[in-house]
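To keep things clear, I will list the structure first and then write my remarks on it.
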Amino acid sequence: MNRVSLPACILLVLLLAGGGIFGLAGNAAAVPSAPSPSPLAEQEARAILLEIDDLWRAASSQGMVRMQVKTANYTRTMRMEMWSKGKDKSLVRIVSPLKEKDTASLKTDNTMYTYLPKTDRTIRLTSSMMMSSWMGSHFTNDDLVKESRLAEDYDPRISFKGKREGREIIEFTLLPHPDAAVVWGRIVMSVTAQGHLPLIATYYDEDNVLARTIYFSEVKNMGGRLLPALLKVVPTDKPGEYTELVYESLRFDLDLPESLFSLLELRRR
Amino acid sequence: MQIVFFALRNFNRARTRTWITVGAMAFACAIMIFYASLLEGWLAGMEKNAVGMELGEFQVHAHGFRADPDLYKRIGGEEEVLALLGREGFIAAPRLYASGLAAAGNASSGIELRGVDLAREPRVTALNEHVWQGQWLAQEDRSGVVLGRKLARILGLGVGDEVVVVAQAADGSTANELFRVRGILKSVAEGVDRSGFLMTSAAFRTMMIVPQGAQQIVVKRQQATEDLNQATIRLARLLPNHEVRNWRQLQPVLARLFEMSDVSLVIMLLITYVAVGILTLNALLMSVFERIPEFGVMKALGFSPGGLFAMIVMESMLQVTVAVCLAVAVGLPLSFYFSSHPIDFSGFVQSSSTIAGVALDAKWYCVVTMNSVVLPVLFLYLVAGLAILYPALKAAMLKPLDAIYHR
Amino acid sequence: MNNTPLVQLENVSRIYQQGKVQVSAVTDFSFTVQGGEFSVLCGPSGSGKTTILNLIGALDEPSQGRVLLEGRDLAELGRGDLARLRRDRIGFVFQSYNLNPVLTACENAEFVLALQNVPKALRRQRVMAVLAEVGMAELAQRRPDELSGGQQQRVAIARAIVSHPAIVLADEPTANVDSATADAILELMERLNHEQGITFLFSTHDQRVMARAHRLIHLRDGRLEHDEVRG
Amino acid sequence: MQLATMAWRTLMRNKRRSVITAFSVAFGVLLSVTFTASGDYAYTNMINTSAVMGLGHLSVEHPDYQDTPTLDKRLLDAKAVQEMALQIPGVTGAQVRIMGQAMFAGGAKSVGGAFIAIDPAQETPAHNIFLRTLIAGQCFSADEEHGVVVGAKMAEKLNLRLGKKLVFTMTDTDGELVSELARVSGIFKTGDDSVDGSVVILPLALVRKGLGYEPNAASLVAIFLDDHRKAESVRGMLARFWTQNKEIAVLTWQESQPDLAGLIGVDRLFNYLLQFLVGLVIAAGIMNTLLMSVMERRREFGIMMALGMMPGQVVRLVLLESCWLGILGLILGVIITTPWFLYMATVGIDFSGQIGEDYSAGGVLVDPVMKFRLYRESAMWIAGAVFSLTIVAGIFPAFKAGRTTPVENLKQG
C-alpha cells in the first residue's frame, strides 16, 4: 500500500509545466520577507536560478519524450507527446506502446484528469489516488500536481562555488519555508558555472537522509535552446531502479489554442 | 436392587408432586439446551463469517507479503503447491490481490482487487453463498464483479451498473477495465465490506498481467477434527519457503474473542444453573420433607439410614433422568427447528455491524453440538446431586419417632 | 316463618366413580328438615351420612333427584350463587375442626363475616360476642396449633354460627375429642339451638350425640332405614 | 379483607420453602441486574467513546454529508449552530469540526487517512478522545496555526516525531487538490491500531483556509450530552430551529453511526433473550413452589369454599401469595445485589489481560474493564419484570386452586 512517493518537482516542470524550473524568478518579489542568511548570496542565487528558469520558460511548448522505467519487476519504455501553455496548463498523451496509446493526462491549475481510452473514461484525480504511480514510473500523481507551488515554498542560497569532479560548479541549497506544505528537508542542486546548466539535484528529508537523486545530462540544442536532454531519477531506497526521460524534440512559443487543454480535447484520439 | 424397586414405586406414587418437580427440571434443562445451541450457533456464525468467508483456516503467503503487500510478492508454481496440499490432506484455493481505484459517476474509491478461483474457493470458504443482491461470479461472465456492501454504497452502485477500475498492472502499465456489477455481498468483514472488489481469477490475470502465481493460498483441513496447531505445524513443514499462518494467528483479537465466548458459555450455564439449582433444591426439599413421616415409618420398619439416603438419592436421580429425557425430547427438536428456521432480528437491527472486524448476522441459528446437549444435562445431574444431599442426609439422620410425628 | 321446609331432599341418589367401579353412596333418599330442628343422621361408616351433608351444604351435586334449600333447587344455582348460599345460609362444623392454621381463633371465626364484607368494627363486635358465647373469648388471639381439640371445635362452632346461618351442618363434630369435651360441645350446641333457634343437622355414630337428638335419621348403605322423631 | 394478611401468613407457614423460592427470585434480580447493568455500562461507554471519536452524541451537518462525507458539503454558519446548541439544557458541549479524508505525507512516505479539524480554543479532552490519549507532546494551542496531533501508528509509519513536518492533501470544495503543512505537536494512542494509524487532528483555521471555507463554515457541529439517551429529545429541540432550512440536518448517534447502533441492538437483544430464558426458568420454579403449596392445601381451600368463599377469592388469595413472594424476592434481591452492584459500579473487573486493549466492536474501542451502571428505567424495568413474572407464575396454581370443587378438595388429606 505504501508506494514510495518521489516528488520530482523539477522533472515535472520539465515534463508538464514547460516553464519556470523553480518559478523562483517570477515569484521572488512575492516573498521578499523570506529569511535568508545573506541578502547578497540570496540575490545571486535568485539571479542564477532565474537564468536556469529561463531555460525552459516559454509561453507555450510542445515536445516528444521517451520515458524508460526500470524497476525490480519490470522495464518499460513509453513515448509521449506533451504540450504546455503558460504556467498552469499542460497535456501529455501517450504515443506508444500500442496498448496504452492515447492515454492522456491533463493538468490545469491544481487539478489533474486522466483519460483512459480503453474504457473511454475520464477520471479526475482525488486525494486517494495521489500516491499512485504515474504511468508506472517513479513519479506519483502527487508529484505532478504539487510542482507549481515549489516557487512559493523554497528559499535558495548558494552553498558551494568551485571545482568538483573536474568541473566548475555552483551548488544551491533550497530550504523550504517553515510553513511550506512540502515534505523535503532540503534540496541540493548543482549547475555548471558556465552556462548555468543543471547537473544534479538531490532531495533530503527532514532527517537529512537522501531520498533521491536526479541527474541531468546530454546537453543538446532543442527548439533553439541549449538544454540537458536526458534526466535520470534514481530513488535511494530502491537500488537498481530508475526512471529515465529523454527529450526527442522540444519546441517553444507555439501558437497553441486554449481548447487544447480542455476535457473535450483530452478524449480526442 | 430393592432400593431401585422402591424408588420406582415411589416415582409413580405421588404423581402430581413428582411430575411438577420433573417438569420444572425438564423445563430448565430444555431451555438450557436451547440456549446453549443458540450460543453455539452464534459462535459458529461468527466463526463462519470470519473463518469461513474471509480468513480461511490457514493462509499461505510469500515471505514479506503480509508485512508489505504488493502485486509481486507471489507464491510461484502455485499449481504444484496446490497439488501438494491436496495430496497431504488439505483443501486449498489460490487468491490474487492488487490495489486499485474504482470509479463510477462522480464517486471513486480505493479498492482491493481480488481474483477468485471459482472452482476452488467454494471448497474452502462459503463466500459464494454470501451474496446479498445479484449473483455470485461466473466463469463465463468475465466482466462481472462482486462488491463489498459498503463499497457499493460509497460508489453508489447497484446490480447491473458499470464501474471502471484503474490499477497499475504488473508490467507497470495502467490497467483499466470496465466491469459490470454482478453481485453485492452481505456483510463479511470490515475490510471486504469497505473495499472488496471480487472478480474471476482469469479476469484478474488478464487485466493485471499476472499470468501465474498467487499472493495467497487459503487452506482448509480435510478433517476438521485435526488439531489446528498440529495442522499449522504440518503445513509449515510442507511449505518451508512460505509464510504459514492459521486464523488464530492472523486475527488474534478474534481468536481471543472466541475463547472468551467459550468461557462465557460456561459462565452463563453456571449462572442459569444456579437458578435451576435453587428450583431443583426447592422441589426436592419439598418432596422429601413432605414425606418425612413416611420415612419415619420406613425406618421404624428397619430401613437403615444409609438405605434411606440411597433411596432418596436414587429417587431424585430417577426424576432427573426422566427430566433429562423430557428436556432432550423437547429441547432438541426446538433447537433443530431453529437451526433450519433462524430467528431473524433484522427487523430490530437496521444495520449490520461488526465485532473485531467480523460481520454480525442479524439471523440467529441454533447449532446443536455435543457441548450444547451434554453440558446442560451434566450440569443438571450435578446440581440435582448437590441439591438432594441436604434433604437426603436430613431424612437419613432423623430419629424414627420424630419423623413419624413430624409436624 | 312460612311452612316451606328448610331442607328438602327428593329421591336423591349420589353415585361416585371410583376407578372402574361405580359406588352408590346415597340411593333414592328423601327427607325434609324444618327450621329449629336438632337432628342427627346416624349409621355406620360408609352409610352415606357425609354425602348427604355435602349435598345439603351445596358442596356436592346429586346424580339424581333434587336438593332444595329454603325452597330453592340447588341445581339451578351457579357456582357463585352456591358460594354465596354457603356463606350466608349454611354453617359447617367438621370432624377435624379445619380451622385455618394461619389465622387466630378470632380471625377464623371472623372469616365468613369478612367474606360477607361486614365492616371491620361490627365484625369484631359480633365475633367477640360469639366467642364469649362458646367460651373462647380469652383465647381469641391464639392460633389453632396453640389450642386443644375441644377449643378448636368451639372456635369452629363459633365460625359456623357467627353469620346467623339457616342451618349448621356438623359432620361428626365429637369424633376427635374426649368425652368430657364432647359433652361440653354438645351442650353448647343444644343451648344455641334452644336459645337462638339455630337449626342443627349432625352426622354421627356417637351414642352421646344420638341421645341428645330430637330426631334420628338412621341410614344403612345409603338408604333411609328409619326416621325417628323424639319429643 | 385480610386476604393479603392471610396470603402472607400462609407463605410464612413454610418459611424454608418460601425463602428458597424468594431467593430464586432474588437471584433472578441479581442476574438481571448483572446483565442489564453491564450492558448499560458498556453501551453508555461505547456510545460516549464513539461520540468523543468525532461525531458527538448529535451532529448537525449538511443533509448529504452522512451518505457521502465529502468536503464540499458544509454548514455555512456552524458558529450559530454551536451557540444555539449550548443554550439547550443537557448539552455539555458543542464543537465545530471539519472532518474529511486526506493524504498525509511525511518524509518520503505517505498514507491515506481521515482528519478532524478542531478549534483548539474550544476543544477539551472531555469531548475528544484523541486529546485524552496523548502519549507525547500536547494539543496545538490556539495561536499555533500549523500544529497537528497524529496517532502513534501513523507517526510510526511516516517516521514522525514531535516538531516534524506533515503535509496533508485534500480535495477542496471545487474538487481541487490543496496541500497544507503542519508540524507535529502531539501524538495520541487510543489503542485501536486502525484509528491510531489513520486519524489526524488539525487546527480548524488551517483547514478552513486550505479548503477556502467561509469564516464560520464547518462540516458539522458535534454536540455532547450529559446523557446519550437525551439525544432524541435534544434533536427535536434543535431540529425545530431549522425546519425551514433544507441545508441543515440533525443526526443522533444512532443515525450517524448505524454500525454501533446495530451492534448495541444485537447485543441488547441477545441479552434480553438470555434474561427472558432465565426468567422463564425462575418463573417455572415459582410456579412449581406455588403449585406444590396449592396441592398440599387443597383441603384448606375446600374448607374455605365450604364456608362460602368464592372461587374468584381463592384465585385472588393464591395470586396474593405469589405477589408477596415477588415482593419478598425483590427485597432479598436488593439485599444480595447491592454489594455486588456497588463493587462492580466502582471497581469492576479488568479483562484487559484476557482480551487485550485493542478490542473494538462496531468500529468503537471497547473498554476492557467490565463495570456496572444501571439506568433508572432499567432498574424499574427489572423490578417490574421480576414482579410480573412472579404474578404470572402464580396464575396457573391460582386457577388450579380455584377450579376444583369443594367436595373434591375436602376429600384430599
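Letters A, B, C and D mark the chains as written, and numbering starts fresh at 1 in each.
Just so it is clear, a contact is a pair of C-beta atoms (placed from the backbone, for glycine too) under 8 Å apart; a residue touches a chain by one contact, two chains touch by 3 or more.
This one's a predicted model, so the numbers in the text were calculated from it and none came from an experiment.
Visitor: By C-alpha centroid distance to the whole-protein centroid, which chain wins?
Guide: Taking the mean of C-alpha atoms per chain, the most central one is D.
Visitor: Going by the touch criterion at the top, tell me which pair is linked by more C-beta contacts: A-B or A-D.
Guide: If we tally the contacting C-beta pairs, A-D comes out ahead.
Visitor: From the C-alpha centre of chain A to that of chain D, how far is it in Å?
Guide: 55
Visitor: When the centre of a chain is set as the mean of its C-alpha atoms, what distance in Å lies between chain B and chain C?
Guide: Centre-to-centre distance between chain B and chain C: 69 Å.
Visitor: Among the residues of chain B, pick out those that touch two or more other chains and give their numbers.
Guide: Answer for chain B, listing residues that touch two or more other chains: 110.
Visitor: Residues of chain D touching 2+ other chains?
Guide: If we look for residues of chain D contacting two or more partner chains, we find 112.
Visitor: If a residue has to touch 2 or more other chains to count, which residues of chain C qualify?
Guide: In chain C, no residue touches two or more other chains.
Visitor: Under the touch definition given earlier, write down the residues of chain A that touch chain B in their complex.
Guide: Touch residues, chain A against chain B: 1-2, 69, 71-74, 76, 97, 99-100, 103, 114, 116, 118-119, 121, 123-124, 126, 128-129, 132-133, 135-137.
Visitor: What residues of chain D sit close enough to touch chain B in their complex?
Guide: Residues 16-17, 20-21, 23-24, 27-28, 31, 34, 67-68, 112, 258-263, 265-266, 269-270, 273-274, 277-278, 280-282, 284-285, 287-289, 291-292, 295-296, 351, 354-356, 358-363 of chain D touch chain B in their complex.
Visitor: In their complex, what parts of chain B are in touch with chain A?
Guide: 68-69, 71-72, 99, 101, 103, 108-110, 164, 166, 168, 170-174, 176-178
Visitor: Please name which positions on chain C make contact with chain D in the complex.
Guide: Residue positions touching the partner: 54, 57, 59-60, 79-80, 83-88, 90, 92, 94, 98, 100-103, 107, 111-112, 114-117, 159.
Visitor: Could you please specify the touching residues of chain D with respect to chain A in the complex?
Guide: Residue positions touching the partner: 101-103, 105-112, 145-146, 157, 159, 164-165, 167-171, 175-181.
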